[in-house]
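The structure under discussion appears below in the form of structure tokens.
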Amino acid sequence: MKSRQKILFLECKNFLIGKAVIFSAICLLCFGVYGFYHGKTIIDRQQKTILSISDIQKKHLDQIASHGRGKPVGTTAYYPFFYTFNPASPWAKFSIGQRDINPFTLKVKMLAIEGQLYDAELTNPLTLLVGNLDASFVFIFLFPLLIIALTYNMISGEQENGVWKILRTSTTNIKAAIFYKLLVRFAFVLTMTLLLFFSGILILDLPLTQPTFQLGLVLMVYVIFWFSLSIVIVSLGKSTSFNATTMVSIWIFLCILFPGVANIIVNRNIPIPEAAETTIKQREGYHEKWDLPKKPTMEKFYAVYPQYRKYPIPEDQFSPGWYYAMQLAGDLESANSSEVLFSKLNQRQEFSERLAYFNPILTAQQLVNKVANTDLSNHIRYLESVKWHHKQIREYFYPFIFEVTPTEAMDWSGYPKYRPVTYSQEVLSSGILVIIIWIALGMALSIILFYKNFIQIKDPQNA
Amino acid sequence: MLEATNLTKRYGNHTALNQLNLTVEPGEIFALLGQNGAGKTTTINLFLGFIEPSEGMAQINGVSVSENPEEIKQYLAYIPETVMLYSNLTGLENLEYFSSLAGFEYSKTELAELLSTAGLQTQAFDLRLGGYSKGMRQKVGIAIAIAKKAKVLLLDEPTSGLDPKASNEFSTILKSLAARGTAILMATHDIFRAKEVATRIGIMREGCLQSVVRASDISANELEELYLRTV
Amino acid sequence: MNTRLIKIIARQEWAAFFRARLPLGLYAVLLSMSILAIYIGWQYVNNFNEHQTEAKEEVHDHWMKQPDRHPHRVAHYGYLVFREKSPLSFFDFGLDSYVGNSVFLEAHRQNTINMSEAGFSNGMLRFGELSMAVVFQLLVPLFIIFIGFHTIAGLKENGLLKILLCQKATFRDVLLGKAAGITLLTWFLFLPLLFLGLLIGTVSHSAGLSTDELIRMGLIVLSYGIYFLIISMIVVAVSAISTNARNALMALVLIWILFYVMVPKSAQNLGNTIFVAPDKITFEQGIESDIAKVGDSHNPNDPHFSELKESTLKRYGVDSIQALPINYGALVMQEGENISSGIFDKHYNQLIQIYKSQNSIASFLSFIDPFLAIRNISMNLSGTDFESFTEFQKQTERYRFEKTQALNKIHLNQIKFKDDSKQRVNAQSFQQQPEFKFQPVPIKMSLRHGAMGISALFFWVLASFTLLSFISKKRQFQL
């Protein structure tokens, strides 16, 4: 027992004294801390904006209501915007995901919703292209590089400078010697993961609830995947240069090329012409009604809201009831395209998840974004909540509009409050399982290869 | 202790070692001389179990190397031409590491004694190996061999690149090891060093052991003449 | 310097490449990837532009088929403009996926350009897209590293360098020869491919080839040529200062990761932290408060509009707006449009200025990271850069303003103030408006935007040449 500890201790010492190890570990920690800082800055900025909304909303409505004094609600209702927002989950600081691309606030009027739903956020497109250096980037892109740096010459380096020969003749149990080397590196990687993750919890102030543990689990499994992948390469028993080249090539393939190709496959398989179509249809659907008899438009409206049938709509002049009925008609006519659009976005999500089965990097990124609620699904949920809010607002105003209530007689703060999307706890098991299967495959393969190339070896080149 | 019977290694058409018969007894130092490619390193690798013989058998302590590659490791120690140990660890730590791997437990004082026995100066014990000269690294290699109580020591070109003084020291240590009953097989180019340190000398050519002489029976000049005639 | 010796050494580098199997294999991989990338890019851009043209025609059709309408309603009916991708965007996607593809133009309101590809993507896009430019910017350097890392360090390892230096060659000749050999080799392997790809891609989706496009292509090939030269020299330099090939490879891979992942990302993130851009709400609030300061057309007591009323009445010599020969409502609307449009432009230009400041960090860092230089130049020349997008936004806003202005003019002259909303004008009067046509950034401007990158490339050529000369003078690197 004692000699095992000694070996392990010396193995550790030998490993940790290496300049490259310390250097890369420090680099990674620095980037990690910067990543936390960056994620915090971006999300805090968004949260600050979200917090300012209620004041803006109140001021805005006050102004509208005072301007509208003396006019009926039907006229005034055209002006106000109602703000909605997509609050960031605590984990969004860890993985900003799509939150920088998709708008996190949207304001809607009582007019047709489809024309208002896809308003973009103002962002610097070059920043979007380059992407965020957030914690998830550090874990998903940079951690593998650390693992590569720690393992690529683990055995080949010793073979190349000759220690390996002495090592092999020194012990009757070469398996143990290899195992110790692996163990030390594995322990180091795991320590680094936990160290960075726990500092993330502290710096980002993550709540100690299930999603945090899920996040930790995903990262752990992901790191183990890379470790086992590197071990497979080491177990091939090739030269240091070969190992480094192969590992870096795999990294580039998995992190850059595969997603690039996969993205093209997704876009080609599920194109979204509906995006433009929805806008066009909604616009036509609404505007053509101006030149059509009012009755059919009103019938469309009554089909949904029969309770307003009792109010007269004059055929020969403008009336607010008719105006909002036209807006609704625009939405109804584009509803089909809009539904197709949403379902296609969901299809894209599902399809990319399936493609990601072949690439644990993608899987891990998707899982992390799921935990953080910063993926496309979250945005779709947000858009749905905006639609819902829009409906609520309309329905709040309809009675005042049809009753021809004066602006000052209406309660301008009594409208239904916006109910933001709540945190959605996602099921991650299938993604995690996929990575675990990859790990198992890697482990099995490396064990076989280690036996073949290092333990039962009869090949003078590696001797 | 060390025995080769009809030991042969072929790579395709090329015969690297042909029908080698050789015995090295405990306390004996056997030096293999020969040109590059004569089969010296092949012989050592066969004894180490790094390669499989095409024919014949290599035995250590009566155990077949190819049949029990793991068992024989407890009897032998090996020092390659360039001894590169872990340069981040000190001499003492290297010794501790390798002897622990071999299943021995030594206290710090015991380890220090072993290094002294191998001829390393005390000041160097706690310095990182990165700063060692070749001769000093070899001494650590010897200490590793002593520490695991190796019955057999295999050396590949141990004196190449050593200055005369270091080379001389090395011979002394080898002799003292042999005196403790270790069987030593070394491959070398250095005729004079072989004559001085070895008990027996074999000259190889094209994979065959051409002649074996007792070092005491022959003068250095005669040995050189024999060598040149043989190769 | 001995040109004959340099030639011999360079030629040796060529021979070595064509004899080894692994580099040829790598080349085959890159070749197939370039072809795949360019084919996919080409097809994607084609399909995209077809869809956009269809949508554009549909919108145009709808516009032309409008019945007689009140001009202000036409102004609210508005117009949809669809962004088409630039002819060379199949080569370098640049920012295309991250910027909006359509914008709704209507009276009173400056809408954002919406429906970006990135907004409909679930994050896979963020790993980067596979375009031919990406292959050439990221992977060809990696290829140069793989074929070149051992070029000097390998010689050192097996002692050949000493033998070489004992011949007539100086260390400088060896370094320059190796660099020349690798550069010429990469030029030979990749530049014709690049030019052909660009040429075939452009010719096959547009009827002819304009001089502008031809010049752009030439410049693209030229800048990638310089880029490969720089990378080759860096690789030779690193190989020369490394004691063995393994160290050289490690160092180069590290540099690669720094150049392609760390520096660009840090630069942009840093730019964003230093120059804080307002988000949409803040931006809109700023505009609103500025507009309120100038004049509020809804407020009957607003001083600005009261003054407008008085001066108008005076000009026409009447005492009530009903008596005016023009439609006063339209006049007020146009005045509101003038005010809001001016203020919007001011704010928008400020916003763009902030974005430019953010991007300038990366431009400055081109002097540290040649990848940033080529990335920017490549986007500039392909018309997928920041400026092209800003230009699109500005031109659509100008188009919106002019269209609204024209409609307001019709409103002003053809609609009576009394019973304003019940009147209509002949559809022909708004059918005659010109169609939106995007005027791409002219090549001179593209080059001006890319000036920093271009000077960075030249700086790098000089710097790496100096570096090689410096290394060649140091004895310690020859051992």
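Labels A, B and C are assigned to the chains in the order they are written; within every chain, residues are numbered from 1.
The criterion applied here is as follows: contacts are C-beta pairs under 8 Å (C-beta built on N, C-alpha and C of every residue); 3 or more make two chains touch, one makes a residue touch a chain.
In this text, all values refer to a predicted model and were calculated from it rather than measured experimentally.
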(request) For this assembly, give the contact graph shape among line, ring, star, complete and other. (result) line
(request) Kindly work out which chain lies most centrally, taking the average of its C-alpha atoms as its position. (result) A
(message) On a C-alpha centroid basis, what's the spacing between subunit A and subunit C, in Å?
(response) 25
(request) Averaging only over C-alpha atoms, locate the centres of subunit A and subunit B and give their separation in whole Å. (result) 62
(request) Compute the distance, rounded to whole Å, between the mean C-alpha positions of subunit B and subunit C. (result) 67
(message) Show me the residue ranges of subunit A that touch subunit C in the complex, using the header's touch definition.
(response) 31, 34, 38, 41, 45-46, 49, 52-53, 56, 67, 83, 97-98, 101-103, 105, 115, 118-133, 137, 141, 145, 153, 160, 240-241, 244-245, 248, 252, 255-257, 259-264, 266-268, 271-273, 275-277, 279-280, 283-284, 287, 290-291, 317-318, 345, 348-349, 352, 355, 361-362, 365-366, 369, 375-377, 379
(request) Over in the complex, which subunit A residues touch subunit B? Could you list them? (result) 2-4, 6-7, 10-11, 13-14, 17-18, 161-163, 165-173, 176-177, 457-460, 463
(request) Write out the stretch or stretches of subunit C touching subunit A in their complex. (result) 33, 40, 44, 47, 51-52, 55, 58-59, 62, 67, 69, 73, 77-78, 80, 82, 94-95, 97-102, 104, 111-130, 134, 138-139, 142, 146, 245-246, 249-250, 253, 257, 261-262, 264-269, 271-273, 276-283, 285, 298-299, 351, 355, 358-359, 362, 386, 389, 421-422
(message) If we count contacts the way the header does, which residues on subunit B are in touch with subunit A in the complex?
(response) 45, 48, 50-52, 70-71, 73-74, 76-86, 88-89, 93, 96-105, 141, 144, 148, 154
